[in-house]
Amino acid sequence: MGDWEWPLILFTVLGQVAIGIILMLWWLDRDRDRNHLDNLLFKRGVYVSGTLLALALLASLLHLGHPEAAYRALTHLGTSWLSREILLFLLTFLAWIYLFWQSRQQTSRHTPGSGTSTITTAEIAAAEQQTGNRSLGLGLTSVLGLLGIVSSAMIYVLPRVPAWNNVGPVLFFLLTTGLLGALCTLVLGANLLQAAQKKTLLQWSLGCTIVSLLIYLIYGSMLSVSLEGATSLNFLLSSPLFWIRAVLGWFAPLLLLVSILKNPQIDKNNLIFTVTFLAGLGEVLGRALFYLSATGIHITALF
Amino acid sequence: MSKQLGFLHNSEKCVGCRGCEMACKNEYQIDATPQWRKVFQLREEDFSLPTRMFFSMACNHCAHPECLRVCPVEAYTKRDDGIVVHDPNRCIGCRLCTMACPYDRPQFNPVKKKVEKCNLCYQRIDKGEKPACVAACILGALELVEINDSLDQKTGVLKTLPGLPSPKITTPSIRFIGPKQGKQIRRD
Amino acid sequence: MISYEHCPQQVLKVNADLLLSLSVLFEKGGENLHQTLGPFVKSCAAFSDYFKLEKLLLSKETLANCLKADRNEYVLMTYEFNRLFVGPTTPEAPPYESIYLSPDHLMMGEQMLAVRKFYLQENLQTAGKGQEPDDFIATEFEFAAYLLSRIMEVQGAKNDRQIQLYINLYHEFWARHLSLWLGLFARRVCQSTRHPVFSALSEVLDTLTTLNAIKHEGGQL
Amino acid sequence: MKLSRRKFLGGAAAAVSSLTLFNFNLLTNSPPASASDPTSETMKTFRNVCPRNCYDTCGMITYVQDGILKKVEGDPKHGYTNGKLCLKGYAYPRRVYSPDRIKYPMKQSPRGSGNWTRISWDEAMDTISKKILDLKKRYGSTLPICLDKYSGNFGIVHYGIEGTMSSLGYTTRALGTPCWPAGIDAQTYDFGTLYNNDPEDMVNANYIILWGQNAAWTAIHSIPFINKARERGAKLVVIDPIVTSTASKADLYIQVNPSTDGALALGMARYIIDNNWVDWEYGRANSVGFDEWVDYIKKSITLDWASEKTGVPKDIIMEIAREYATTKPASMWVGYGMQRHVNGGQNVRIIDALGVLTGNVGKSGGGVNYGHLETWGFNYNAMINPAPKGSKGFIGPDGKEGDRNINMNNFAHDVTAQSDPPVKMLWLACRNPGAQDPDTHAIEKMFASMEFVVTVDSFFNKTVEMSDIVLPATTHFEDWDVMASYWHYWVGINQRAIEPLYESKSDVEIAIELSKKMNKLEPGSCTFPTSGTPEEWLAKEFNPGILKMLGIKDYKELIDGPRKANMPSAAWSDGKFRTPSKKIEIHCELAAKNGLPALPIWVEEMKSPVKYPIRFITPHPQHALHSQFQNLDWMMTTNPEPKVEIHPVLAAQYGIAEGNMVKIYNDLGSITVKDHLTRTTSPNVVVSYESWYKNSNFNVNYTLKATPSDMGKQATGNNGVAFHDNFVMIEYG
């Protein structure tokens, strides 16, 4: 059985939330004409995700016996997914800095279509130029980030650990990104998102939750084929943590999201806050269990 | 790679005296916690008769070392003679290798906050000496050998023993002579 | 590095006195606290006054009170001293550098040799045939105090070259040894002691370490 | 730059230090030479011998750099241990440099309070001397002082401990050996003394029986010789109640009922006689009472009885009987475990006789091998000191005045039982009765009743805990000494590889200090010499006899390597037995005189009482030698906790599962220990290996009654302890 790997839990979850947010912003940014991405939300998103990303990277250092030498972790890109992960996350961070710079640019000019009487063609051109750069930045960051997340998942794809040695880790990490990314964006954009945007994000979150649940069911059933996998499974099913995680991360969000989408009159924001909070907890627990339940193939002789 | 050095452990001869275990600690004055080499007792259930049978295992200097693959700092290198050497000066203590090795032989030293493991006494080998554990084995149950087909074709040479992870994971450079049981007159 | 040529003798003296009193305190052991505690408390007071160390005020007080202790109290201090530093049970805080810096907490580790070499640079070695490890706290303090006294001497002799050399040597010794383990040692004492006098002692050791740690990075002596 | 600066400084310091006002306490000027090159000196090697109470007594090479012990290795020049050590031997550096070592003389007041004061050697000696003189005054003799020394260090110079006492006058002595006396007497009755073939001679055997012997744990260096014989086709039979690591390797393992080994041997004898595989010629020519014993067997022994008694099927008894009698030479190695019973000595006598019956005694590749003391003929110069003039002694039954001997194997009881004069002071060295003696509660009580207790030791164990003064003992790396084995034929010297650490002293150095002080306080009160370096003391142990035996002119030759005594490889091959009749005494009058059967006939084993149906066997551990080694950090990490081995069937009866804590108890006391379920033991026997774990009060002897074994008095002064006739109850706890 594994241990409570707090640094790793924080690093992975926070990092995934951060990238999730950027990803969502990018997505929202595609639609230029009708409901385009609000600048303020863009800024908020960029700032929050940046902070989370920074925190994540810091947390990852705490896992090391010798954080002061962490820079060396870049030296084995050849075969080590850990090296690749670090590289990609650093690149993501660079891309984010570009985004940050972008967001500073925004402030200088007033945004197009903000109801001002006369708009010169120059302004429009500049504005478009800008939104172009913006979505380029968002896209770049998202792609690098997603690659980073995939490689952090790949770290755990170890032949020694049947519970990990499959597509599971990649899917789990990406789903966390999708779910929490969307929910956090909803929170950040509580009063900046247009109804349509909210709706799509909510649907997306719901989708992620359902997929996550289904995948977990398949994953669980697959585990039991190997001895160690079975041990992991038994550990999970017998652990109260797992059931809390199930309620917080799957069932509660499922119900709430459905109800939010069903009746438009209820106060969305509060509920969205709750869902995000619960799902967040659920994901953290889930990640903790991911490490706790890992059982490696090992020597079973008597000591 | 020109060749692959490894261990041949003879469980028929080994009485589990643990001399190798301590000789290793004595040679390098290893801290209390990490055990580069360890003697394991095979499970009673794996034999027709209750018995005390053993094998001794350090790093297996695998042909496909997982530790080397996952290590982000290239602390692991594989020499031409197949010895997998861990360089503590590069190690940053990320412990990924300890997760990846099915034999748990890279061991985290909680005090130095780095991983350590058996380097097959390469400095002794380079001087033409035997590894400390091999030199210390009173019963000649532990040998330094070249892992190759001619060894594997020898009768009685096994690639694994009950209770060991499948060699498929890392193709460890260790071979065994299986334990042999005599006759027992029991009272139960 | 700031030049120390004009460093007032008094600073060196206050420092040296404290180190020396500590050395004697540990060398003479728990049985002689009634003799060694006095000088220590005195030099400690002078030290904290000179450097205006508020954080030592309490310790100063405690020590002053312990000084007034009656015979029985001193006996208790003796037992505690031995429980912490001597034995025959496993000492709670063995006063040897190796125990803290050698990963397996064994005696006579590499650090002991490094210290020995330091002494040899000054043509010095431990008295006796090395039965008492060179990295014994009392010996290290004595050596540090000796270096300070040399600085004072050569200052008297106005030999700038030597002044610099001894100052460097002094800081090097702290940087490489005392400041690496004294803190750990002080913590161990503080955690395991049941007598105020040793908590106070640990406080002093801790302050001394931090102060010197700053100094070897080039602060004013 | 650095070096030049150092040079400059060195010079400067050398020049000024005379002027310097600084007065050193701990530091002093070093010879300038050393300063010129403070880099590490080259590795030096020294010869040492492991002095523990062990068959193998290994030759060691010790690596020392800058006066620090770096590592140890086996001595390749030692023909028996062959350049290899055991796991305990390799852990030695941890013993030497353990922070737990006792560093200075310390005084505890009051005893057991944990209030320790450091005292100088002078004060220690002063306190002890004054106590001795005071007792002498009060009781008119030194008999109130009792020495308990045994096997913590078997170095010859360490007999200076006995010397310390004899030089004070007549004292009370713990006499005997807990370990192996029943077997010693058995062989003394039969052959005149214990004398085994050279273990290296086992290579010549065609059939080997290890009888209650777990060489894999207690004499690992013998196994290669056994294996050589097996490679030549010899069969290995192990007879033991436990499937030990050794038994696991046997061609045939026989799980005999504990304490019925004699019955098995008698059964074998019966079958051998019936088939006339007897070596009549050897038996009749070399022994007395041969036919008498044969008649006894014919009359009173049947295979059915033997089988019923031992739990060994008839056909197996017949099989090993036939093989042992017809596959010559056949070697038997009688372990010390099998004689720790109320009929242990008698069982060994029967096995001896079986060896004679088949003519396997006195043959290379044969023998009934138990142990020997042939290579121990030193001067014991440190041990022999005349009592001071006018010393009053104890008048023994023989009317001679001398020391008052009490039973080491019932120590607590015998110490308290003394009244004229009572025992008031204990001196313990090379001994840890607090951990190793039977009935620990009784030991605790007895210690509490003492006026004064002095213990010499290197570690704070149970006995030190119960002492007034503890004196720090050197390790064997800090002493000069010479070591012989009670199994192999090699003798080796032990050099001082490193200076004694802290203020530790060897036992002889302690004796010297004590003598100085005693004579200062009361001239003539102690006869122990007050001079001589440790090496000089070593030199005094050698005599022409031993030098000749080792084929050397001077002890210094041993520095080049250990020597093997030039003796025939087969004990008794000369047929010169050392019994009164100069023959093997199958019929032994001496035994009869001592109230034992004259013949090796069957004597009933101890039966388990109704209340305590389970036999509790507590054999030697693998990671320790009694209370030595297990406390070291390497051992505590590789073998962190004690275990009790329980047969699954028995465990089931008491609702105990693997890894449970189990309470083992009887009227004497109880211990609670984690269990391991294994069928290597039998359903009516639980096994836990005696040992002293650091910071643990685990001690099997809390349950162990000081039941005497049947023999030992004749050769060792007292009967042994029937350690393995201990009966208990177990419960989930």
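We call the chains A, B, C and D, going by the order they appear; numbering starts again at 1 in every chain.
As a convention for this text, a residue touches a chain if its C-beta (ideal position, glycine included) is under 8 Å from a C-beta of that chain, and two chains touch if they have at least 3 such contacts.
Remember, it's a predicted structure, so these values are computed and weren't measured experimentally.
Q: Of all chains present, which has the mean Cα position farthest from that of chain A?
A: Here the answer is chain D, farthest from chain A.
Q: Taking the mean of each chain's Cα atoms, which chain ends up nearest the overall Cα mean?
A: So the chain nearest the centre of the shown protein is B.
Q: How big is the gap, in whole Å, between where the Cα atoms of chain B centre and where those of chain D centre?
A: That pair's centroid distance is 35 Å.
Q: Quick one: report the Å distance separating chain A from chain C, using the average Cα coordinate of each chain.
A: Comparing mean C-alpha positions, chain C is 53 Å from chain A.
Q: Could you grab the centroid distance between chain C and chain D? Build each centroid from C-alpha atoms only and quote it in angstrom.
A: 46
Q: Centre to centre, by mean C-alpha position, how many angstrom separate chain B and chain C?
A: 46
Q: Which positions in chain B are in touch with at least two other chains?
A: Residues 29, 32, 38, 44, 112.
Q: Which residues belonging to chain C are in contact with no fewer than two other chains?
A: Chain C, residues with two or more chain partners: 104.
Q: At which residue positions does chain D touch at least two other chains?
A: 633
Q: Of all possible chain pairs, which ones touch?
A: A-B, B-C, B-D, C-D
Q: Help me check something: in the complex, which residues belonging to chain C touch chain D?
A: Answer in residue numbers: 23-24, 27, 29-31, 78-79, 82-83, 86-91, 94, 96, 99, 104-108, 112-113, 116-117, 119-127, 129-132, 136, 138-139, 142-143, 145-146, 149-150, 153, 162, 165, 169.
Q: Provide the residue numbers of chain D that touch chain C in the complex, in ascending order.
A: For chain D paired with chain C, touching residues are 5-6, 8-10, 12-14, 16-17, 19-22, 24-30, 32, 34-35, 38-40, 66-68, 94, 97-104, 106, 114-119, 460, 464, 470, 499-504, 633.
Q: For the complex, give me every residue of chain B touching chain C.
A: Going through chain B, the ones touching chain C are 29, 31-32, 109, 111-112.
Q: How about chain B: which of its residues touch chain D in the complex?
A: For chain B paired with chain D, touching residues are 13, 15-19, 21-23, 25-27, 29, 32-33, 35, 38, 44, 50-54, 135-140, 181-188.
Q: Could you please specify the touching residues of chain C with respect to chain B in the complex?
A: Contacts found on chain C: 103-104.
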